[in-house]
Amino acid sequence: MSLLKVERVHKSYNGLQVLKNVSLDVQAGERHVLIGPNGAGKTTLFHCMTGTLPIDEGVVTVNGRQISGLPPYTAVRVGMARTFQKNNLFDNLTVEENLHLAIAACKPYRFHFFKPFYKYTDLLEEAEQLLKQWDLWERRACVVNQLSYGEQRLLELLLALASKPRLLLLDEPTSGMSPAETAQTTRLMQSMPRSITLLVIEHDMDVVFSIADRITVLHHGEVFLSGAPEEIRGDERVKEIYFGGGAPLYAEA
Amino acid sequence: MKKETVALHVAFVAATMLLPLILTSYGLKLTSEVLIIAMFVMSLGLIIGFAGLVSLGHAAFFGIGAYTVALISEHVDNTWLLLIAAVVTAGIVAFLSGLMFIRSSGAYFLMITLAFGQMLYAIAYKMEGVTGGADGKAVSESFNLGFGAIESRLAFYYVAAAAFLACYYLLRVFLSSPLGKGVRGIKENESRMTALGYNTHLYKLTVYSLSGMMAGFAGALYAYFNQYISPDLLHWMFSGQALIMVIVGGVGTLLGPAIGAGFFVILQNYISSYTERWPIIMGLLFVCLVLYGRGGVIHLASLVWSHLQSKRRTGREKSVLPKEGSGFESLKG
Amino acid sequence: MLKLDRVHTYYGNSHILQGLSFEVPTGTCVALLGRNGAGKTTTIHSIAGLTPPRQGTIAYRDKSISGLPPHHIARLGIGLVPQGRRIFPSLTIRENLTVSARDSGDTEAGRKRWDLEAVYDLFPILKEREHNRGTQLSGGQQQMLAIGRALMTNPRFLLMDEPSEGLAPVIIEQVGEIIDRLKKTGLSILLVEQNLYLACSVADEVLVMNKGQVVWQGSPQELLANQDIQHQYLGV
Amino acid sequence: GSQTASGGEGEPVKIGAILSFSGNFAPLSESIKEGMELYFELHGNQIGNRPVTIKYEDDEANPQVALRKYRQLVDSEKVDLLVGPISSSVVYALRDVIEKDKIVLIDANAAANDISWDKKSDYIYRVSISNWQDGTPGAAYIAQHVGKRAYVLAPDYPAGHETIQAFKEAFTKAGGQVIKEAWPKLGTNDYATYLTEILETKPDLVFSFLSGTDAIRFVQQYEQFGLNGRIPLTGTQEFLDPLVTDPAGKAAEGIIGATMYTASLDNPTNKAFVEEFTKKYKETPNYFNVQGYDAAQVIAKAIETAGSTKSEELIKVLKTITFSSPRGELAMDPNTHNLALDMYVAKNVWKDGKIEQEIMGIAAKGLKIPETPPAASK
Amino acid sequence: MVTSSLLMHILNGLAYGMLLFMIAAGLSIIFGLMNVVNLAHGAFYLAGVYIAYSLVARHMGFWPSLLVSVAVVAILGVLVEKWLLERVYGRELEQVLLTFGLSFIFADLVEWIWGSSPLTLPVPEALDVSLNVGGMMFPAYRIFVILVGCLLAVLLWYIESKTRIGAIIRAGVDDREMLSALGININVVFTCMFAVGAALAGLSGVLGGPIMGMYVGIDAEILVSSLVIVVVGGLGTWKGAFIGAIVIGVVDTLGRVWFPSFTMAMVFLIMIAVLLMKPNGLFGRGAAA
């Protein structure tokens, strides 16, 4: 059953056509990776799926519910969560406060205004668990703008995980992470239960090939190719536009 | 809550309640006025410091509260009803204007709220038949919550003090609640809040309306207190003063704006009766506050505090500035 | 070309660089590796004058530059490709490139002069979109812009903080080639990278940092051969 | 005041002055202060045998601030009586508390009519002019000597409306006709629209009530647009006062109107006043100076006559007080608590590089504000 | 209405708009471009006109007085920027308090030195004539102000599009640190531009004085109308301030004729209407994504 369905989406930025007739099907439980040259429109597609940007034409449905045209926070209501390519954090809050906000977003009590935050113990516990799991527990009281870039990237990922989504959209989660953190993140993605569906944009081929069930290549705003990892790896045209033919910089996993 | 915190709160409330013991009759009156204005400034501090909505038209809601009492008291004399009417009217106007304006931000929000306030000012000024026009209107209704009319200064002081404390603790609870935290998150990074699944518009609208209601409440009390209202209560100059009080007290704190109100009103009152050159002195004070106190009395206090602390701890290097908003607020939860 | 001698840098009270010393010889590329939070960016910022070190000296062409204001340091010929791109959002792409453009003071033979045309040649997409705002580019395109912007100052020494971040593999290759080419024109480069393979393919020497100190130093081949170091400090 | 059991020999008389020292009204306030100080200085800073202290407070022309300052003066400083505000809204704001506290206020400027009518108080006495008295007296002369079809212009605020209303009534009665009214907002800085309109409507004359900077700008722009000399400009006494004519300069030449005071008035009190004033302040007195001077004079005289500073004693005296002002011999009208004023027709003339007022006749003698609002004006 | 008089009203509106533009030009640099909330704009205006007044009163002649006074205000601008503002870049609310305090100090100093009575700066003699425009008289001085307004527009356009200064300042507002790491002495650039903005305020004081008059209190009026214009036009573009001023000048002027009972709120009505339709002003750049 397809969880996320993108049908014939068009998007242009005042005149510049960025997405042309993009259709995409992501099955529940699938690990789907989106690759493509810089500027192919991957991030834009994410924006369109989550409602961050309105789409010109086309339909996006999650689990049969249309979410295109609705405000972006509704995407979270249907179980979608995303990260940003460019860090988009609460720079002046601490790591912990960042997480609290993210976790509370999906709690029924997010509108309550009569009980102090710290009395919602479930929330505090969830945050603690996540922080410990990701080695950020010691940094919990650190204000975000004092974190190193890589640490911020990690937090970016945690904010998306915090809402316990069914469908997780990750925009270059490992960029800016050191190999160690990259490996950790990769392991996390591999070990996630299949109840969580992943759609990932990634330029690190090690990561791509170690998680992907299916890969879609976007080029000039169009779906260039979509298929199993082996198919993509072997494709000459993809090599030309994306992988590059020269020296094999990448050790293949 | 920690023990010391509880003690602090008890001391705070007790101090407010015992203040009349050391005040002269005039001091009592002035302090009551300061408390009412502090409530208003606190409501502005709420949207500025916690939601990032810098308004230059907040006096509109204060004025609406005051005018509601003044106008309706000609027909109704139940104080409860009048207060509720004032709060509700201010809240409704805040909600509706918020619906229109909240998508603007920064300087644009500042100016559109200024314009809105000025429109209301113009209305109050021009509709002489209803509002008394530029000459204002006397309010003859006395304050009566059902335990007899409150006429004495002392009694009214307690009304103002109780109202102030109630507002303060209400906001404290609000700010530490999930809703309040959400509002602060929006100030920090609205786009991320949206992506996390918050309906940021609704949050902003809620806090804006709440703030308008509180301003309206303060305005209603002010009408009782002063027994006279005039369009000046709606004018942007008053909004501007309130804005300055918020900054003077300390943006991003709850008590800061209230302290700013007291600081501003009392200081200006006394300096201006000693010298005609009071604007220079006030101006210099503001400049110094920015240069040495990060713009707020409360921030200044926290700087001094952390300085003292770090002196005690030897071997420590220069102290880091406290981050905005988490400054000295010993009453913080 | 550049020499750091027992450099200590702090953020407020936190001691980040703890006596860092290394050297970048003229015309070479030195790669700086390390885990997140190791202090790589802080090193770069200390050299560029953004977080001046509290102790130790940084010498550039045998003159101390520690304590100079950033713009002064930059004018000595040190260019910066910052981490996270830091494109100026309210400038167009063209303005982003030209805002700080200048000729290097000297005209050594063989040094390529970078101007708009040269940068546009390198990254044609920038020319296509030159009147768009900087932030209207995709992430990878912004990285290209950041590299172009640094080149436009015609530096003799280039600080690159994770230049390959967010770039597609083909472009990373291209960046590798660019670095090679820059080296050939006599430029020296301090390269911070997470991409071990890119770093090893272009660097003449590799430094591994941990907790504000250099913990390992050697040639790329040595590093690739040394699984221990890779594992211990890079987590590979 | 009523609260202090005052009256003791040698104990100072404390006067509280609520004026607007910051903002547009500052020059008026300074002028009133100058006048008061001159009077007390000339009288040994004493009333009877008691020294006088005056406490000045700045109300910023804001009624809310004024109330705060009022409380400070009355509760904390315990002043014996008050000298009153510049702005009408302030006098309205103070009126009820004054009634309650039973403290005397000598109104030295605020001109609102209603303070003599519905809002009349036993404790408030005006030594300046009311809007009605300002608008009325010139009308007859203008209708007879200047022209019948008038374009009137005044700022859109209560004083403007009250003054123009009074003028209109008197003017129509004298056979004139107002062909157009213009109500620019208070503080308009560009009158071009109205000047163009005047050129278009071609009235016989323009009658205007404007004060302070509005008046200066209007007069100057009137000249810049070439109207001066083409269409006669007339107005209230504001146009005939050095506060406006000095800065406006030659542009003010030729303006005609009725005024209660000019420095050239020929009476002994004025001669002495002008001499002393010029000696002390090195400039020609304006009518605000006279208001201040007279406020001081009325206070002194009332306290001396009553032999006390008790409000109840004072008001008995104040109701019918008479005194010789630089404006002539004046008497309080007990029915309105407002003076009966002699009004003069005057014209701005250019003399020795300066505008001076030339008196051309008497517009009204002993002009009192009516006891109740004239039928049309409410 | 007769067409000729409609034309006349529009001319009045244009002239008024250009006067407003002249007054707001300095703020459009300091606030619009440099993002400094400068509530002392009116104070610089005040300083300009009062200094010029004193010089003219000492028979210095209008034009030399103008130059001297503008220079003095520029120096004042440098001092304010170097000593005070430099420490609060990027912190708007502290700027508000700082410049508010400054405006208090300046205004009160002016009152202290020159007294509170309104004064006037005479129209320079050569321009003190009325021209006949279609049968109506129009002051030559206003035509001069229109020309100055146009010149200023050209100057701003030049700064914006022909020099790197505009770009440098915008970049400096975005990310000071980064810009200085690219070799630009951002402090000097900001100081200079602030001085230029202050000088323009002073200039508008001297040139606006003969029309607007001079008194303590006009600083607040100047400040508000300048803010309105810069915001209605949209922050950060000279075009915005220019068109914004003309729109406000013309609509306000015509409004006095057609809707006389709305004169009090006219400007604010325009502002609300514009900002509801275009939340970033007429020509404002959208919030940086």
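Every chain is named by a letter (A, B, C, D and E) in the order it is written, and numbering of its residues begins at 1.
By our rule, a contact is a pair of C-beta atoms (placed from the backbone, for glycine too) under 8 Å apart; a residue touches a chain by one contact, two chains touch by 3 or more.
These figures come from a predicted structure and were not determined experimentally.
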Of all the other chains, whose mean CA position lies farthest from chain A?
D
Would you say C-E or A-C is joined by more C-beta pairs in contact?
A-C
Once you find the CA centre of chain B and the CA centre of chain C, what distance in Å lies between them?
50
Between chain C and chain E, what distance separates the C-alpha centroids? Give it in angstrom.
43
On a C-alpha centroid basis, what's the spacing between chain B and chain D, in Å?
38
Express in whole angstrom the distance between the two chain centres, defined as the mean CA positions of chain D and chain E.
36
Counting only residues that touch at least two other chains, what does the list for chain E look like?
261, 264
For chain D, what residues touch not just one other chain but two or more?
21-22, 156
Mark out which residues of chain A touch at least two other chains, giving numbers and ranges.
none
For the chain C and chain A complex, residues of the former touching the latter
11, 34-38, 41, 83-85, 125, 136-141, 143-144, 162, 165-174, 176, 194-198, 201, 234-236
Interfacial residue positions of chain D with respect to chain B in the complex
21-22, 55-58, 62-64, 67-69, 71-72, 75-76, 88-89, 92-93, 95-97, 112, 114, 156-158
Footprint of chain D on chain E - complex, ascending:
2, 5, 8-9, 12, 15-16, 19, 111, 115-120, 122-123, 130, 136-139, 141-142, 210-213, 215-218, 221, 253, 256-257, 260-261, 263-264
Chain B to chain D touching residues, read off their complex
24-27, 29-30, 33, 125-126, 128, 133-136, 138, 140, 226-228, 230, 232-233, 237, 269, 272-273, 276, 278-279
Residues of chain E defined as touching chain B within the complex
31, 37, 84, 87-88, 91-94, 96-98, 100-105, 107-109, 112, 224, 227-228, 231-232, 235, 261, 264-265, 268-269, 271-272, 275-276, 279-281, 284, 287
